[in-house]
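Paired with chain B in one complex and with chain C in the other, chain A is shared by the two complexes that follow.
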Partner chain A sequence: MHAPFSQLTESLIRHRGVLGAMVVGLDDGVMVHSTLQVGVNGNAFAALTASLYRKAQRSAGAAGFGATGFLELLAEQGRVCAVGGENLVLVVVCETRVNVGMLRVDLLRAVEQLS
Partner chain B sequence: MASDDVRTLSEALAADPSSLVFLQLGEALRRRGDLDVALRVALRGVERHPQLADAHDLAARVAADRGDLDRAVAEWETVLQYAPDHIGARKGLGFVCFQLGRLADAGAHLGAALAANPEDASLAAAIQTVQAALEQAALSEPTIAAERATVPVNRAALPPESARAEVDAGALFDDLLEGQHSAALLLDADGLVLAGRYQATDGRDLAADVGAQLSGVSDEASRAMRHLGLGAWRQIVFETEAASVAMAPSRDGVLLVAAARPIPLGFVRRVLERALDRANSWLGGA
Partner chain C sequence: MKLSVVAGWVEFPLKQFVDDARVEIAVLMHPAGQVLGQYGFARSIDVMTACALASAIHASSSELGRQLEGKPFSALHYMGRDRQIFLGAIPAQGSVLLLLAVFDSESSLGIVQLFLEEFKARVAAAAPAVSSGQPPALAENFERDLNHNLAQLFGRA
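Our next item is the complex of A and B:
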């Protein structure tokens, strides 16, 4: 039996350079479902990315920019991408070499299934 | 605060659970980002001291940091039941009501706080921000226009006069943005504008407001980086209904580029990179 989000995360992790894909509670940062490569600390990425996404949502709302969609954090040794649904956020951890454009399109498509 | 201090405070609380040391412990945990533990400490303190205004104030501040704004409002309203002149609660309620879009309530709370502490410049600035938001809400939705205007500049954070290039700080990025519905702002570590401009179509300058609101995102990213093992952050980009936003660290502050939504995200990133070079040269006096 497959978890409700397994097809979604498994399709995302097929991207070259993606190390993990997670469905995370937006309010509490708790992981709902994940497909991770060995060694990826999913719980830390889930909690901290959800927190960053909430902060971006609140800040953008307060600045008059409206609802937040795709978010990407680029760091020295990797990237984290996220797209929020109604109560869930889809989080992808990847290497810097990932094709962000393709990943963004798939994330925006996938997040429609979260609602 | 060092973890040793947290340990010491924890031991003191364990030795005497009825003491008020939970206020220091909860605040220390809140400041270092351990919000779940901080909330537990605060709520336990509220249980033991239900009529202590500062206990509810601690719970409210932790709740606000966790993004639980409804709980924060409830706790700060409880504070005011026990201490009607509690400035921290008024400030907190003003901030949270602003975040919730309850602008009139925000103005009322901040006004009450300013009346109790008329020399607090940050309160006066916050009220100005609320008033500007109220005026903005009464007008049509703002769009970004790269037109010339003067931006409030935090002079104290600028490099020495002799080291600065001879350019108008507000116009520092204008040539990079020419013809685009976009804006670039260089902010210091406190979210204050160092250079750049952000104008609504009605000509009002929104640089200080937008900068203050969005600079917190970079703080959150820095906090996340300490735990994720990915090294330092280089860029944050996110899309909203009205704009694409890109940010990058710049010396002690952050550079922010916002562009109206039809402009592609890749273009926004390129502008960010070019503006970052410009900002670093300007800060270095090159």
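Our next item is the complex of A and C:
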């Protein structure tokens, strides 16, 4: 039997350079479902990225920019991308070489399934 | 808000946890309710009440865990409307301590759980070993120790 979000995370991890895809509770930062490569600390990414996404939502709200959509954190050796549904956020951890355009399209498509 | 501790080794792990996890209140205590360090409370009576309640909750949930799974639950989380409570068991050199954390929307359960692991490691490294010859927590001097600890925390020792 497949978990409700397994198809979603498994399709995202097929992108070249993606190290992990997670569905995370937006308010509690707890991982609901994940597909991760060995060595990726999913719980840490889940908690910290959900916190970041909540703060981005508040920042966008304070600036009068409306709802937050796609969030991307670019670091020296990798990227974290997140896109939020109503109560869940879809988090993808990837290497810098990932095709962000393709990933972004797939994430925005996937997030529709979360709502 | 000031962090106050009874034992010196508690200060660094507790301060790091409070800073990292962004909790409003954090209290480290013995399972019997004797406080070792606290952040967020201004009055000793509040610490005493929180410790007594946390100790009772831990005892109840541990027994519930034993009944259900044959072992005590290691953590308890309660989500209120504005604030949440996390109560976790912290292994410390042959004994177990309790950490009570209260947090709001600035933090989250995931964040608290994440930094709890680091806190556990720091406590395990810093806590003094408990010798098997030590008296049980509910000894005749329990109340005296409790009051002494509270007085130390709030500068009246």
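In this text, the second predicted complex is superposed on the first by the 115 of 115 C-alpha atoms of A that agree within 3 Å, B and C clash if a C-alpha of one lies under 4 Å from a C-alpha of the other, contacts with A are read in each partner's own complex, and residues count from 1 in each chain.
In the analysis below, contacts are C-beta pairs under 8 Å (C-beta built on N, C-alpha and C of every residue); 3 or more make two chains touch, one makes a residue touch a chain.
Quantities reported herein were computed from a predicted structural model and do not represent experimental measurements.
Once chain A is used to superpose the two complexes, chain B occupies space that clashes with chain C. In the superposed model, A:E95 lies in contact with neither chain B nor chain C.
When chain B and chain C are set side by side, the one touching more residues of chain A is B. Of the two partner chains placed by the overlay, only chain B lies in contact with A:A62; chain C stays clear of it. Contact with both chain B and chain C is seen for A:S51 once the two complexes are overlaid on the shared chain.
Of the two partner chains placed by the overlay, neither chain B nor chain C lies in contact with A:E10. When the two structures are aligned on the shared chain, A:Q77 is found in touch with chain B, with no touch to chain C. When the shared chain is aligned, chain B and chain C each come close enough to touch A:D27. The intersection of chain A residues touching chain B with those touching chain C, taken from the two complexes, comprises 27, 44, 48, 51, 54. By the touch criterion stated above, chain A contacts chain C in their complex at residues 24-25, 27-31, 43-44, 46-48, 50-51, 54.
Across the complex, chain C meets chain A through its residues 79, 105, 107-111, 113-114. Chain B makes touch with chain A in their complex at residues 67, 98-99, 101, 136, 141-142, 209-210, 213-214, 216-217, 220-221, 223-225, 227-243, 245, 258, 265-266. If you check the complex, the residues on chain A that touch chain B are 27, 41, 44-45, 48-49, 51-52, 54-56, 58-78, 80, 101, 104.
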